[in-house]
Amino acid sequence: MFVKYQEPEVMRDPIHDYIHISYQVIWDCINAKEFQRLRRIRQLGGSFQIFHTAEHSRFSHSVGVYEIVRRMIAEVKGLKEELSEYEQVTVMLAGLLHDIGHGPYSHVFETISHCSHERFTQRIILEDSEINAILKSAHPDLPKDVASVISYTHPNELLNQLVSGQLDADRMDYLLRDAYFTGTSYGRFDMEKVLRAMTIKQHRLVVKESGIYAVENYIMARYHMYWQIYYHPISRSFEAVLTLFFKRMQVLYQKDPANLSGTELFFPFLKAEEISIDDFFFMDESSVQYGFHVLTKSEDEILADLAGRLLNRHLFRYETLTESRIPMIKKELAEKGLDPDYYCYFDRAIQKPYQPYRSENGHNIWVWKADGSIVELSQVSSIVHAIAKADIKENRLLFYP
Amino acid sequence: MFVKYQEPEVMRDPIHDYIHISYQVIWDCINAKEFQRLRRIRQLGGSFQIFHTAEHSRFSHSVGVYEIVRRMIAEVKGLKEELSEYEQVTVMLAGLLHDIGHGPYSHVFETISHCSHERFTQRIILEDSEINAILKSAHPDLPKDVASVISYTHPNELLNQLVSGQLDADRMDYLLRDAYFTGTSYGRFDMEKVLRAMTIKQHRLVVKESGIYAVENYIMARYHMYWQIYYHPISRSFEAVLTLFFKRMQVLYQKDPANLSGTELFFPFLKAEEISIDDFFFMDESSVQYGFHVLTKSEDEILADLAGRLLNRHLFRYETLTESRIPMIKKELAEKGLDPDYYCYFDRAIQKPYQPYRSENGHNIWVWKADGSIVELSQVSSIVHAIAKADIKENRLLFYP
Amino acid sequence: MFVKYQEPEVMRDPIHDYIHISYQVIWDCINAKEFQRLRRIRQLGGSFQIFHTAEHSRFSHSVGVYEIVRRMIAEVKGLKEELSEYEQVTVMLAGLLHDIGHGPYSHVFETISHCSHERFTQRIILEDSEINAILKSAHPDLPKDVASVISYTHPNELLNQLVSGQLDADRMDYLLRDAYFTGTSYGRFDMEKVLRAMTIKQHRLVVKESGIYAVENYIMARYHMYWQIYYHPISRSFEAVLTLFFKRMQVLYQKDPANLSGTELFFPFLKAEEISIDDFFFMDESSVQYGFHVLTKSEDEILADLAGRLLNRHLFRYETLTESRIPMIKKELAEKGLDPDYYCYFDRAIQKPYQPYRSENGHNIWVWKADGSIVELSQVSSIVHAIAKADIKENRLLFYP
Amino acid sequence: MFVKYQEPEVMRDPIHDYIHISYQVIWDCINAKEFQRLRRIRQLGGSFQIFHTAEHSRFSHSVGVYEIVRRMIAEVKGLKEELSEYEQVTVMLAGLLHDIGHGPYSHVFETISHCSHERFTQRIILEDSEINAILKSAHPDLPKDVASVISYTHPNELLNQLVSGQLDADRMDYLLRDAYFTGTSYGRFDMEKVLRAMTIKQHRLVVKESGIYAVENYIMARYHMYWQIYYHPISRSFEAVLTLFFKRMQVLYQKDPANLSGTELFFPFLKAEEISIDDFFFMDESSVQYGFHVLTKSEDEILADLAGRLLNRHLFRYETLTESRIPMIKKELAEKGLDPDYYCYFDRAIQKPYQPYRSENGHNIWVWKADGSIVELSQVSSIVHAIAKADIKENRLLFYP
């Protein structure tokens, strides 16, 4: 049905050794400009401010997710037989393209621009883009079907599960990759063992009981990565300053766009309107960093200062949020001539390593017991059960210079 | 006080890169015959029957524990200042020598011979041996003090804690080493981070609050190593057959020692008397394997069969113990002409990853909080708290051919 | 003499585990804006076009070189004693700052802008910059002395040797780091063994004869990294297109700067004059990539096309250069409407793994023989001797669409 | 033709992650007693005396060689098509069984017992053994065909090449494995890249020109492993003492076997006759170490002393052989009452990393050039050419207490 290469294309990768690409439609998507753009967006946003080698891009993560989906199809017992070739290619493409709508420093960018990466991912796949043209020419239904897997709405639940269940190609790649590139060992888990533990029962992806240790390991890896890497206070300080920077840009833009002369390319994002795909294509971390450069010379002192802080890593300090300290801190800031609206920020992080039966966390992990029954993971793993019952951990921080 | 080398001796090691030895008394102990004997005893007993590369010896583990103690003294903030040079050397020697009394396939051997490895460790250090002579000539109190650290009875609690607390050099080395040599990733944890998290407060070894993730990681590593490696049913099957083999030897010996001709060197262990250090020195895995060779030719059919099973890895199968099945299995064995006394065995394994306030598990792990207080780990780690509260996991297995 | 921290600052790093910083002047330099700028310049320029994870920056390499120099001082026998504290700090700073003058895609950028990175490194250290101010305030001679080590002209030859001999901190870090981030194993060598093999004799850094294997290994690693990574045809294709892109910019600028409107910030580099440090600070890979974005919309078709190729990775193909094929290829290009001046490029790469007695390759590697004599490496290593005598390997390639 | 498992048996392995076994005949051979015996013979003989973790057995190496052959068949382009299923199983078995005839401390043992491991490998496969029975019952020609591959005499040259060419499964496994278990990095090379570089042309295993870097890397790994590990003076000192120990045993045996009472099981090896397969089965490192134990109590002082040296690692010191020093050393030994016949030994080690056109080194490595021609490696690799021309390196050592 789809054009296959006689000899697969390969890409060297530290996590998977090689990425293997046999289908032309996949190779073409990798070479599309919207996909190449992911090279200009770091996987971990501001984390490189604390883990200086966390400079890897969403490009490498995306090909990594594709590779894990490909391996699942090839190696998970019973999976290949469940899926038509069309479905196989669909789910591999979904793995490849699931992050294509991310903007620069995605979390902050979404808050400010009011355009979620999920929405942009759908638009790039379904609207006028190189990716859309490539998919359509391979098969007219492909854009729609790939998009539905990414939004977990494909009728064949199995496809959704591979890309974004609780134990999916996305999470598996990012844990291993982020651990490798930050140089920490928290995120390492035994992916080979997890893949070997997976099988298909009742048309569902399940884990053999003998493999629950590998899955417990994976869940702990996730938990530790969140607290040690993803929620690190210094990354969050960078995001705090960035949020305040964008906020200031919007205020100045609303007063008079001329305040931001030299950064006209950012204007579409400062308007309240929906952004075009062309404008979106332009918005990557290079462009944002270029904006920092330009705006360090802004006449607005606050904007210039915040731009310089982002460019040169003069971040805010942080402390555990104590409500009662806020007025005092604001007073101190005001005394130093710093506007508390732009020099004080608080945020909170919450995470649980695994929450069964919570739809917002995606699918459950299912265990296939030796007696043939299928149960949810926390019912057989006392570790996971204990974790799932533990109190939700929250970390609230206050940031200021 | 002690003779130091100008240039340390080094030993290449896959876990610690190099082992560094600066004190002559330590180097001399390594070269003592009782220590060299540890090369002939595998660290993981019968585990090589399932993890074929688990062939590493207690020798390499012992120098590894020494190296971690040495690094703790050099690197844990505040520790060096707490300890005199004499105490430093004492605790390094305790790390080195803590396993010197292990016999071959230690767990089984202890059951049969009624001599615990702890008792033999004390005897080798305190009685007439090369080790004892070396220690004594370095300082007359050294044998007694090294022995007391190993038995957790040294008055300076800190020394005991380094070698065998819950977060000690012994456990840290064996988790990393056993993971490396079995080729699994379960036992990996970030030792560098753990060492960096340790500090001394109120003369105790404590973990800084910022480092509890590293410790959680270590506790999970321990938990997984137990269930995946140490309690693997096939290792336990080897131990089951070995126990029955020794049992048969004792019965035959009590009838008439001539039954065991050719294996006279084992006789001291078959008597009810205490064994001499010289006899003990002889008892290593080579000698036991030689015994298997000789006894495959025994006239006693049971003994010859069990010896051959141990030599050639014809182990028993296993199943989860169901009391009601025992009579049926015994009947089947009898029908095949197999004496159930020697062809049927059951055992159980219990493990919890961390149990606070249980003296049998050694010391607690103490956390030094940001506010200056010191609390037990499970009070600040919701993961560890959850695990400590979880039901004790037990695994009971029945073995037969 | 210099302010030291009681507890060193640390930075997590995949190559060295941790970077340890004890001197305030070093920490301040890392936080200077010229040093933070290195985060926006990739260590391997265009190599990420073929090794997609080669996205690491000169920032991480620079702190890595510093760390190796620090370790050499701490660990190489005899070195600490040779150097005053002032010299120690000088050489650590030289390691840290040796690449601070690199521009984006350095090789190409130097050719076009006629400003070498060596020259800019000197200027940033010696002229008006944050770095210069930090160094000067720590000690008035520091800028001059750090700069002289970097230009190999410091009177104490040993300092020059640590940072850029044939077996120096710079090469050691980049081989290990580039191997790690490309995911190849070519560049791995046993740095621990190399450090252990080094010692000081006659005020020179030498290698003990027992360590020449480790050095042979290192030289082979270098050789393979060159051919497999640094000279990879696809990196060179990216550089070819980039060179032609800059060439076109210069031509258009000379005709009329208005042709390049929207990219005024690049103008200083298109003039024939020397660039200011402020202008240089602006020039990083983000800015260049932003330039690609803007110029894809240029009215000049050639420039717009080349900009799009660089942004979206539509590189030129390549073949081994055969002089006789050039006219034919140019003719074909012309027929397709492509100006051969901007669509045809050739370059050559030459490398030998180690060349003794060639000043352009830096210092020799000296071996301290068991008999006490000191000889050049290729005289005792038959492998290195053979390599040094081998014909120079050259690779000439022709690039076109 | 052969019985295949639906789900392959797997064995966890640190080098290959998992060993996969699909054919029952292969699994049966692994469980044969002659193969299990390899667990009692260390891969590196006496090297554990210097690299204390080099305790891995020929068992793990043998399954590793099998796994590489299996992967070659599955992954080397064109190979599967060249071979019938019968040939595939034959060559996998040859990889598995190629070392089955090794005795304890093989090199020394061969010299003394006058039975080469090659000869015993043939005998175990072809004569009365469990292995022979298993092979024969799977196919009557299998013993003969497997044996002929191992002796490089199979008519299909390709099969011989896979198991023991210059770039074969045997060498690839031992380099990686010995590097891992000694904890050195010398033997690491990129096996994935080598496997990808291999292909079949003109019914021969060749390397694509683009892969010669990976092969150069492999050849250097080999070279360094020889000098750093395999020929380490301390391993050779152990072998020196062991040789003298066996020599003394033979002398005493010829005088009167009663001199060696308690070690009757060794007698077959001390006679001038050929040994039976049953006697050979008994001879493993456990038995030899048991012999050391027993003979430390010998009435013959020389034998008792040498046995104790081997057991407790009191090895001889070494120096570079200078002929003129021999008489002096012998005189000194005699003065100390040590018989120079048993306390003085010299040996030499010679190695070249790759020698084309030398039949004693096995097959050449063939390179398939881009122009379609096939040439010997040293003709296209200037590094290998240089090495092949370099003088042969020899290391002669003299050992004495």
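General remarks:
Letters A, B, C and D name the chains as they come in the text, with residue numbers starting at 1 for each one.
One rule holds in what follows: contacts are C-beta pairs under 8 Å (C-beta built on N, C-alpha and C of every residue); 3 or more make two chains touch, one makes a residue touch a chain.
This is a predicted model, so every value here is computed, not measured.
Comparing the centres of all chains, each the average of its CA atoms, the largest separation from chain D belongs to A.
Centre-to-centre spacing of chain C and chain D amounts to 44 Å, using the average Cα coordinate of each chain. For this pair, chain A with chain D, the centres built from the Cα atoms lie 50 Å apart.
Put simply, the C-alpha centre of chain B and that of chain D have 32 angstrom between them. For chain B, residues touching at least two other chains, in rising order: 17, 184.
Contact topology of the protein chains: fully connected, every pair of chains touching.
Of all the residues in chain A, the ones that touch chain D in their complex are 7, 10, 17-18, 77, 192, 196. Looking at the complex, you find that chain B touches chain D at residues 11-15, 17, 31, 33, 36, 39-40, 48, 51-53, 55-57, 59-60, 63, 180-184, 265, 282, 284-287, 289-290, 293-294, 311-313. Contact residues on chain A toward chain B in their complex (touch as defined above): 184-186, 188-190, 193, 213, 216-217, 220, 223-224, 227-228, 382-383, 385-387, 389-391, 393.
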